[in-house]
Amino acid sequence: MSVRKIRKNDQMREVTIIRDYINHPEGSVLISFGDTKVICNATVTEGVPSFLRDSGKGWVTAEYAMLPRATNTRNQRESKRGKQDGRSQEISRLIGRSLRAAVDFQKLGENTITIDCDVIQADGGTRTAAITGGFCALYMACEWMIKEEIITENPISGIVSAVSVGIVLGEPLLDLEYIEDSVADVDTNLVVKDCSDIVEIQGSAEKVAFNRDLLNQMLDLGFAGIEQLTKAQKQVLGI
Amino acid sequence: MSVRKIRKNDQMREVTIIRDYINHPEGSVLISFGDTKVICNATVTEGVPSFLRDSGKGWVTAEYAMLPRATNTRNQRESKRGKQDGRSQEISRLIGRSLRAAVDFQKLGENTITIDCDVIQADGGTRTAAITGGFCALYMACEWMIKEEIITENPISGIVSAVSVGIVLGEPLLDLEYIEDSVADVDTNLVVKDCSDIVEIQGSAEKVAFNRDLLNQMLDLGFAGIEQLTKAQKQVLGI
Amino acid sequence: MSVRKIRKNDQMREVTIIRDYINHPEGSVLISFGDTKVICNATVTEGVPSFLRDSGKGWVTAEYAMLPRATNTRNQRESKRGKQDGRSQEISRLIGRSLRAAVDFQKLGENTITIDCDVIQADGGTRTAAITGGFCALYMACEWMIKEEIITENPISGIVSAVSVGIVLGEPLLDLEYIEDSVADVDTNLVVKDCSDIVEIQGSAEKVAFNRDLLNQMLDLGFAGIEQLTKAQKQVLGI
Amino acid sequence: MSVRKIRKNDQMREVTIIRDYINHPEGSVLISFGDTKVICNATVTEGVPSFLRDSGKGWVTAEYAMLPRATNTRNQRESKRGKQDGRSQEISRLIGRSLRAAVDFQKLGENTITIDCDVIQADGGTRTAAITGGFCALYMACEWMIKEEIITENPISGIVSAVSVGIVLGEPLLDLEYIEDSVADVDTNLVVKDCSDIVEIQGSAEKVAFNRDLLNQMLDLGFAGIEQLTKAQKQVLGI
Amino acid sequence: MSVRKIRKNDQMREVTIIRDYINHPEGSVLISFGDTKVICNATVTEGVPSFLRDSGKGWVTAEYAMLPRATNTRNQRESKRGKQDGRSQEISRLIGRSLRAAVDFQKLGENTITIDCDVIQADGGTRTAAITGGFCALYMACEWMIKEEIITENPISGIVSAVSVGIVLGEPLLDLEYIEDSVADVDTNLVVKDCSDIVEIQGSAEKVAFNRDLLNQMLDLGFAGIEQLTKAQKQVLGI
Amino acid sequence: MSVRKIRKNDQMREVTIIRDYINHPEGSVLISFGDTKVICNATVTEGVPSFLRDSGKGWVTAEYAMLPRATNTRNQRESKRGKQDGRSQEISRLIGRSLRAAVDFQKLGENTITIDCDVIQADGGTRTAAITGGFCALYMACEWMIKEEIITENPISGIVSAVSVGIVLGEPLLDLEYIEDSVADVDTNLVVKDCSDIVEIQGSAEKVAFNRDLLNQMLDLGFAGIEQLTKAQKQVLGI
């Protein structure tokens, strides 16, 4: 008998991706993993950060934030505190690194794409939903650039998807909800390209350290979830 | 012949209010004035700011912000800049003052309700949509408090609605869209309680100063819009 | 019998404007509305903010602040708190908008005039004193620019004055002192150009909302006060 | 023949001290050393910083700032930059240390006196004027505390005065104006208690280092200036 | 033939740990991994953060920073920029999580141990050196608490060590120096408890995503390095 | 009989200066005055601050900071508080001014040398150790510039050394340790060039004001200490 009652251990929550959710951005989706909902908007701007100037190469960066009441208790606005908190910055950097793994910067030219991931409702897995939805917004922005004749070739070199896996009461579970996450011994986030290669793995054990066998079980579950996500991304992007 | 082609000068854009848009807050709506969309969430917390401690009275406050890509060009996050900008603070204060006009703080007891208004898509009139939607979230939070037996009597003393009116090429127009707002000579925001009494009036003429006759014409249009909004609020709140 | 004992309801407190109060600025006055005292200094600088570059047009901006002990209890310095408070920013923006209504930016050329309004003693009406005195400093700075042959024509297109009106115990009163302001039901600030056209109206009812009749009574009083202020401004500026 | 044309090398500029300049503070003066003008306000508050709690002793602290246009070119407001600059903090600390040398903290009881020194016009010697005027405001606040029966005995143990001395083209000069200060080889600030004992000496040579003989000549001039200032302080304080 | 010339692929750089490097802290070491040098200081304070108050449990937290010239080009001080950068915060959080995995908080009582890791010279692997050295400082602080009779039992439940592994030109390498790190396809940090269980794994592929086989090769190398580090820690701690 | 037991009143603590302590900077020493230890690193960068641009002259600036646990109780990191504290800024400015007194900026050309002084262990006299060690790092950086053929002539015009002197229980003492400093009536810092001319003198009496005779006794002790320091500097620099 398993810890989970309704879903199976290797089953994702319902995944939905709504295209063109906001009308101003060059790419925009609302992605949901169950009750977790993230608006992902892509903005294209000419030019690149100074360390890339005159390199002929582009850049992709990301920013992650939560609305104050995305969670059960209200968080103070980061703008009120006068700074981004450490967690937000860390996740922003993770999203940026993950998405850059799927981009041929030569083909992007000296342009920057900024992916804003704003969590409007949180129930676990916000960072993996943000990466998965952020990829869709990024892809749409690249298509927009081709349509606008800013670039000629699509710089996207693969599909990036992300999922969380955890160990709860000794059992590996895919796609943790908040209530599961809060009692997990281990929490692992897995970012994968084209369902095969790891872009990023972050496994963290505040409660109980884990051996290599458990790591492998978590990877098996994670790769199964990635398959489901990639399928949903392809469908919404029509690829 | 009028400046406006599709709507009449005294006609609101389509107004929609979706209840329970986010599941965590004690009150939550998504309000739209045409393409302007604002998530309004109400949070109830025990206790009051220090200036009200031991007064037996409650407090209502508000915070207004925009997602970076709510507008046509991306705005830098306030958390990145390290502070709220002046405009956001000014609108936050306006929303707070406006909503407090409808609350009997004695009946609220020593509790605080915080209204978060986050603009996810902007097309003019974001502050008036925020006040109108914020009132709905506030009302829902008060009903929640009664249901949870935190208070016994509803502290809401009237319905607060807000609308913008402007003068474009000499003609008074109700509920300006962004494109109208950007060429307006005068921009006036009107907050009204129970369709009759003014809670707040802010009229501002950067381009052309206006006489009392034009002020009165704007007030006529504004009160007409307020009627339509109050009706929509009543319907969604079931009052 | 009126709420007020000494002044009449439509009477300003004593208004004095001292020219050249500080010797460094291009325009400087100390303005007093009764015990409210504000130093208004104008600074002329070459160039304009980036959004106006190469437009051939100039800019006017303002900053408002209070000394820590301008009020009865000491306020912490904004520089200590690490930011301007919301109220200061809001008033700074109001002063800037109000003064820009009186300037022909083409005639100003690509120059910026900054109006610093520093309240050294506060007794109600600091923002209206700041606008009225700020206009004088602005006018003096324009005269200085002509004398220095930076511009050839005076860019000032009218006289801007500002006054507060309130409702205390149901009675409209002109130019509220602090003690009146603290018990007022409604507080309205009125900025007028050339004694006839409204540049800005801000009426706010935290305690009791007001109907259009009371709004009109407040406007009558306000315009009466504006007449007195404009006369004082003309006298000190010799126009 | 001397570098100075009008004043003698050992002559102060005209010193004036106006009592009760601002009406809210517990002690207030406007002090001028020639064209340098500083408002010094003293605020009395109950209680002390945490490191003195339950010690039975009081505290004196100071804050120094300049209006943006106190100088010939406008300085950005510290509140805009989001922090006090290093120079302001350094001078604030100097004023606090200097004034504390004249206070018996046992007699002050657990109360804090904050001295705000705001330079409204600067022409050299702003920190020495601030200390000299700050002492007057501090003394007045102590008298106020006795009158209000907060304390029974005057905690002031001596008169603190401060003056600057410099070396210009090899010649020691008392009380440097801005134009002299800007070409000085050495700039020394001297804070003295009761015309005899040194509370603080700060001599600084960015251009030319100085030997002990020159130091002694500067001290002679400085003590002469201190005599004149102490006399002015006694007169305005009636002691 | 390997990418590396001098060290073998599975060989650590020289590791040295100097005890009692700074004399004030309750635990202090200077740890070197080759030319990477980190001062790790442990501070014991009574009490815990608010979320643990009255739980009977203690807390361990960490802060990581670099001296401006720890690297080849000078970094601006974080205090000058007015905030910690994202990388520093992320590493601080990683160190804290890693060390907490080795602590029985019940035995620590309501006390907090803060581990400061200041990099004085950087040549790759600063975060893994910080964790490994930070553990030693933490252990020493716990011994000090027993000696001072603050606690009775040692709360340390295992030895935490950390090492980096990377893939350079397709080849897995242990303990990357800066020059290797800058060309690596993959960079993985591994934190292990008692040479057997994973506390944290962070693998990141900005250049080339990696399959599970390569992940396993990196883990093999990493565990080999951990053995060497744990031995060095035991020796310096005398356990 | 003296207050001091071990050292004589005119005796420095042991002074050691280790060259090339950190390997990245253009000049680097670890200086110790007894238990006070400061890392001084010099960084050479092309270009100068804007106020010197196109002047043909260079610049020298300094930054001073303490590790959190350099002192007996831990200080919060300045980067956490979001700003440098007043004391750090004041000392940074003092070090910069002191070192600039020894530089011919014409010979330095349009280059900037930044001296970072990071106190890793504090026991009184950190600012004087920082100036004395900072001079060595500065000198080494100038030698490096000649070797790299960035400049042709050494811009150093003399040797700058600094020492503290205090009055403890009425007795003048050279080079105060923390325990002496904490009970001193007077604390004086003396910066001298070439053992003869004063660059900076800062004497401060929070407890007991001092007369000119005591000032002279302190200066005698200070100059004696300076001789010892200059000798140590010459030896380590080989001049």
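As written, the chains take the letters A, B, C, D, E and F, and residue 1 is the first residue of each chain.
FYI, contacts are C-beta pairs under 8 Å (C-beta built on N, C-alpha and C of every residue); 3 or more make two chains touch, one makes a residue touch a chain.
Model, not experiment: these values are computed from the prediction.
> Along the shortest chain of touching chains, how many steps lie between subunit A and subunit E?
1
> If I superpose subunit D onto subunit E using their CA atoms, what angle of rotation comes out, to the nearest 5 degrees?
My answer is 120 degrees for the C-alpha fit.
> Give the label of the chain whose average Cα location is farthest from that of subunit A.
Centroid comparison gives D as the farthest chain from subunit A.
> Copies subunit E, subunit F: same or different interface, half of numbers shared as the threshold?
Same-residue interface.
> CA centre of subunit C versus CA centre of subunit E: separation in Å?
59
> Return the distance between the CA-based centres of subunit D and subunit F, expressed in whole Å.
About 28 Å, centre to centre.
> Could you work out how far the Cα centre of subunit A sits from that of subunit B, in whole Å?
Computed from C-alpha means, the inter-chain centre distance equals 33 Å.
> Which residues of subunit E are in contact with two or more other chains?
82-84
> Following the ring of touching chains from subunit D through subunit F, in what sequence do all chains appear?
D, F, E, A, B, C
> Residues of subunit D touching subunit C in their complex?
22-25, 28, 35, 39, 41, 43, 45, 63, 65, 67-72, 74, 77-84, 88, 114, 116, 118, 120-121
> In the complex formed with subunit D, which residues of subunit F make contact?
83-84, 86-87, 89-90, 92-93, 97, 100-101, 192-193, 196-206, 209-212, 215, 219
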